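Structures given as structure tokens follow.
Next come two complexes, and both contain subunit A; in the first it sits with subunit B, in the second with subunit C.
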Partner chain A sequence: MRRVCTGIVAALAVCLFMGQAVAEDLQVGFVYVSPVGDAGWSYAHDQGRLAVEAMDGVSTSFVEAVAEGPDSERVILNMARKGYDVIFATSFGYMDPMLKVAGQFPDTVFMHCSGFKLADNMGNYFGRMYQARYLSGMVAGAMTESNTLGYVAAFPIPEVIRGINAFTLGVRAMNPEATVRVVWTKTWYDPATEKEAAKSLLDVGADVIAQHQDSAGPQEAAQERGVYSVGYNSDMSQFAPEAHLTAPIWNWGPFYVATVEKVRSGEWQAEATWPGLAEGIVDLAPIGDMVPQEVKDQVMAKMGAIKGGERVFVGPINDQDGVLKVAEGETMSDEELLGMTWFVEGVIGTTQ
Partner chain B sequence: MPGMRIIKRQEPLGWRSCLVLLVAIGFSLALGGGLLLVRGVDPVAAMGTLFVGAFGSRYGIEDSALKAIPIFLCSLGVALAFRLRVWNIGAEGQYALGAIGASWLPVAMPDLPAYLLLPSMITMAVVAGGMWGAIPAFFRQKMRTNEIIVTLMMNYIAISLLDYMVYGPWKDPASYGFPMTATFPPAAVVGKIGTTAYSWGLVHAFVLAVLIWVFTTYTRLGYEIKVGGANVRAARYAGIPYDRLVIGVMFLSGALAGWAGFLEASSTLNRLQPSIMANYGYTAIVVAWLARLNPFYIAVASFLLAGLRVGVESLQLDMQVPAAFGLIIEGLVLLSVLAGGFFTTYRVTRR
Partner chain C sequence: MDIAILIPLLAATVQSGTPILYATLGEIITERSGVLNLGVEGIMIVGALTGFVVSLTTGNPWLAFFAAGAAGCLMAAVHGVVVLLFLGNQVVSGLAITIFGLGLANYFGTPFVGQAAPGFDPFALPILGNIPALGEIFFRHDVLVYISYLLPLAIWLFLYVTRIGLNLRATGEAPVAARAAGIGVVAYRWLGIIMGGFCMGCGGAYLSLAYTHLWTNNLTGGRGWIAVALVIFSFWRPQRAVFGAYLFGGIMAVQLRLQASGTTIPSSLLLMLPYTLTIAVLVFSSWRRGSTGEPAALGTTIEPRQ
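Entry: the complex of A and B
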């Protein structure tokens, strides 16, 4: 019994000691919705965390696989109680829980990814992934022969719909005849379901598979059938080296480092930020060797133009039924993009 | 094994069955500690963090208790059906239906006063969850279907229905297209007790547990459940209306899961959204068996399991142990406790 007691006391002492050792560091916590080892969404954020960890005088930690809703509130609350200075929550469903906790801890900086609510000590951020998706669409549009492309998508929410639309605009910029077929999986991360969904698209003649999913399941399906694929989140070429054309990818590191730097110097202010290709928060993975050089040049030229301020959603844009939604010469505002719930012409599928 | 013999115990183990339980839990934690050691994490410090995070602080106890409520109510429900030897695998769907039923009024008529809104939300949740339980029971008795299959399949229907509601008619126009209802008005929220962090849901759970215990122990119907569970033919012979009993018990079983759905929607999420589905209905089945269908043990087991899940979050944060470790520990505890159950009914002797 005595030994057990000593053990417990020792354990507590270790905890206390650890708490003190890092007390002078700026503590930065991350909350992820899925495990970090998935090469997907949370993996990309964790790469960003590692960049923060490498800073002097900063220590980081994370909690992975946190369900949206009450679990996330408890995790965020726990971080705030333990004295974390900056907390990044990286899923849409963490927004309201984070807002609740932010009200109780005015001295902690809260950053929420992909939402829209703000408080004095809570900012939100996201990246203009649709810009990179447009470029990946250009590559896919140039490579398709059947003029049917498949898109495995998670949930019919504006972020995903916007990505499908940008991809399709890119496809049809290179190949006006092509159509993009969409299948909803209703899951962010489920390798088996994603792979099955990709196969169903292959069965209807798709010869390029794109995805808004967090596993490499669709990539593998494409490779097995000997057709092409477009990844997402991070460079997925290792999972399907022969199929992988390119991937729109996240690069959170510089943004996270800059945010933590601002907090440390006292310059941080709560705001909504939506940087894009120009700031480097989104990017295009290296384009595969199977893609002709002239296509690569075209895509790179377009990337330069977008970085220089060219917009992706510029009229004329028709919706699925051929009705003009954005008139010639007009551009869609950020509000319209954030609430986009309709498909552009060339997409086959429903937004339900 | 050669040289060994397994003999059924003549007398119940009594207080020593508690010892078996403790040994089983200790054994699984030791195995988990070994795993941590392989990863290079100090197992003693890790178990300390796990314990402090779950039960060793005021926050930990609060969080664990709140997390235990839905598991407890679902488990109480399935245990009721299991006593009758009706295998209700559908707590997940009944919970979903309860949440849907409870959300209807605050979405459709948010201006109702609390004294009307909350009771009618509970009624809707109980009726919706209860019906979702009674339907497979009706099919079982009238058409001889297998309730395991039907309740399981109805879970998927229930979850699709929930998705349909939050993606379709109930979607909050201000949510940028994300699938969720608008936040409930304050009158539809089960609040916290005074200034504590505990929600009134805890009181709901306690009162319901006492009612169920009284119902099963002291009423004629409770006795009929016991008889029906022990021997259907004897029950019918004794004049017990077995068909009605099964349908009624499944209604109650579903109603309890539905109540859990109501509490999660109202008290913890303050809205309906797909992430309300957290496998509580399936966890409940395991908890019910661990606790041998006894309401008091179910409360203890729910609290411990919830605490384990809460504590693992602290373990992740403080020691960077992967989330999968929590699932491994959970699996180890369940396996060794169930295996330990063997030693409470049998003993092993030398030949």
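Entry: the complex of A and C
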């Protein structure tokens, strides 16, 4: 019975798809995990969507606040049925639902963000945010006076751990004595918990607060205590104008435009892509006026070097217990970075 | 742990206990009238959203705070209509209110995510704020915290000193006898539900107006359920709710501070603490059965007069 249903659904979808194909506009759909107004993760993706919308002969739409799991499968399936040509799903938990739908709609291009699975018509993509985090760490390391920095982090997964490590390497490049203390909130978006976590870090002497969280809660906490903060996702200076040093930010527009262009010209292929600073997909928000010009110059010079191919995770790198993990002169491979589960020297906290 | 960490920890305890305290007091009033309201979580979040939106549009936090209380009353009134007018099951109706409230707030709140609204900021009380240690722990908060210091006393006075409070408790203990004594039991249950809803709405508003000045989906994060458990912990007495609320606030604050001080205990275990404590509290209070102070007619339906 289920197979029959799937067959009917697929047949209907094909009919719809053929009906739509006559229309001139390329239809591009986006699926977001949170509301677009959050100034965070989904907001950054939606800025990218607006760049696609501005292209000639392309129309876009989006569905926001879609829960990961069965709900997302329904949303993606619905978009595919309606004849969307390209569908971008922007949260890790959409991976398996999208893979399932991709199998039923071979003519639709599916793009999944932050995952690792591929199919003939499904690619995945992410950005090397750790490069921008390294730069933001340099700014923070230059600005700390107590040599204690706080990092409010969501979940102990490789993406977040990699970011904390890159940030810490940046901090210690400017200030080898400094340490970074980590507090896990186990939530991506909970202003109350995030703010309380930031306060707990301030209470143990941190004077710069960084975050891998989607709300501005930690920024508020830093501003209220009169210390500095580093945002995330997009420029968060509006929430804490006196505290906000800079923020590692997403800039999805060029990537989304290029992808849609490739689909239109028929050059698109299912592959895993991981662009970074050089491609402009990640960037650093404008550095605040409180930061001395020489620090800004150093950071900008490093940004130029990374864009030119310099790597962030280059040995010697010790783990937090002082054990040498990456030998002098070696660089970490992408596989090692994607599976990173240990903290570098200078991080105080546990990855569990 | 030295004193320099302990004092901010206790100050954070008071702050994170405050929204739970408002909600627990609200549930105590409601349950003392004999009505079980499991919709606390849903009522809190509607209060939080209403407060946030009113503050954002009018710029007046006080108006926002009372609007949040009024929204809490409205949500509680839905529960009242179901259980008092249509004599519906109180457990089912309460659960429905929670689900309804969360959905409603998420639906109407989505456009407001990521904006910052004016709210209440901390200020030190004159004289009291300068007391060493105690001043920093209790008297350098926002005005909603100061109100929450007076609220348990006010509710205690209401329940135990006024005639209206006596009648409300009688309705919760023995509605048939109360009715025979000429008390309008249904009216008193309405009073319990509405007063309780006001406090729950205010508790929600504390989260979006003072704790943070931001709105997000699921801002309440399960605090309403902790309040329901705390009513049992406090044996339905407003003065004991203070200890319960601060105990939970303390656990929430301490687990983050343990992490910040560089503990090696896995964070997953620390995050379980508030919920482990909830279970422990429920076990503890049922173990002491017989003297818990549970209203005898809690959860019962009052049949209309024949």
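Keep this in mind: the second predicted complex is superposed on the first by the 329 of 352 C-alpha atoms of A that agree within 3 Å, B and C clash if a C-alpha of one lies under 4 Å from a C-alpha of the other, contacts with A are read in each partner's own complex, and residues count from 1 in each chain.
Everything below uses one rule, namely that contacts are C-beta pairs under 8 Å (C-beta built on N, C-alpha and C of every residue); 3 or more make two chains touch, one makes a residue touch a chain.
Here the structure is a predicted model, which means the values were calculated and not measured.
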Ask   = Overlaying on subunit A: subunit B and subunit C, fit or clash?
value = clash
Inquiry  = A:Ala197 in the overlay: touching subunit B, subunit C, both, or neither? Say first, second, both or neither.
reply    = second
Ask   = Now for A:Leu338: first (subunit B), second (subunit C), both, or neither, which partner does it touch?
value = first
Query = Given the touch rule stated above, what does A:Phe239 touch, subunit B (first), subunit C (second), both, or neither?
reply = second
Ask   = Which of the two partners, first being subunit B and second being subunit C, lies in contact with A:Pro35: first, second, both, or neither?
value = both
Query = Who does A:Trp184 touch here: subunit B (first), subunit C (second), both, or neither?
reply = second
Query = In the superposed arrangement, which partner chain does A:Gln352 touch: subunit B (first), subunit C (second), both, or neither?
reply = both
Ask   = If you stack the two complexes on chain A, which partner ends up touching A:Ala67: first (subunit B), second (subunit C), both, or neither?
value = first
Query = Should A:Val75 be classified as contacting the first partner (subunit B), the second (subunit C), both, or neither?
reply = first
Query = For A:Phe116, is the partner it touches subunit B (first), subunit C (second), both, or none of the two (neither)?
reply = first
Inquiry  = Under the contact rule defined above, give the subunit A residues that sit at the interface with subunit B and also at the interface with subunit C.
reply    = 35, 37, 64-65, 156, 186, 352
Query = Where on subunit A is subunit C touching in the complex?
reply = 34-35, 37-40, 43, 64-65, 150, 156, 181-187, 189-193, 195-197, 199-201, 203-204, 206, 215-217, 220, 238-239, 348-350, 352
Note = So, in the complex, the side of subunit C touching subunit A is made of residues 5, 8-9, 12, 16, 106, 110-116, 207, 211-214, 216-219, 221, 252-253, 256-257, 259-268, 271
Query = Residues of subunit B touching subunit A in their complex?
reply = 42, 44-45, 47-49, 52-53, 59, 63, 66-67, 163, 167-168, 176-179, 183, 264, 268-270, 273, 275-276, 278, 310, 313-314, 316-318, 320, 322-324
Inquiry  = Under the stated contact criterion, what part of subunit A meets subunit B in this complex?
reply    = 7-8, 10-12, 14-15, 18, 29, 35, 37, 61-71, 74-75, 78-79, 81-82, 92-93, 96, 116, 155-158, 161, 186, 338-341, 352
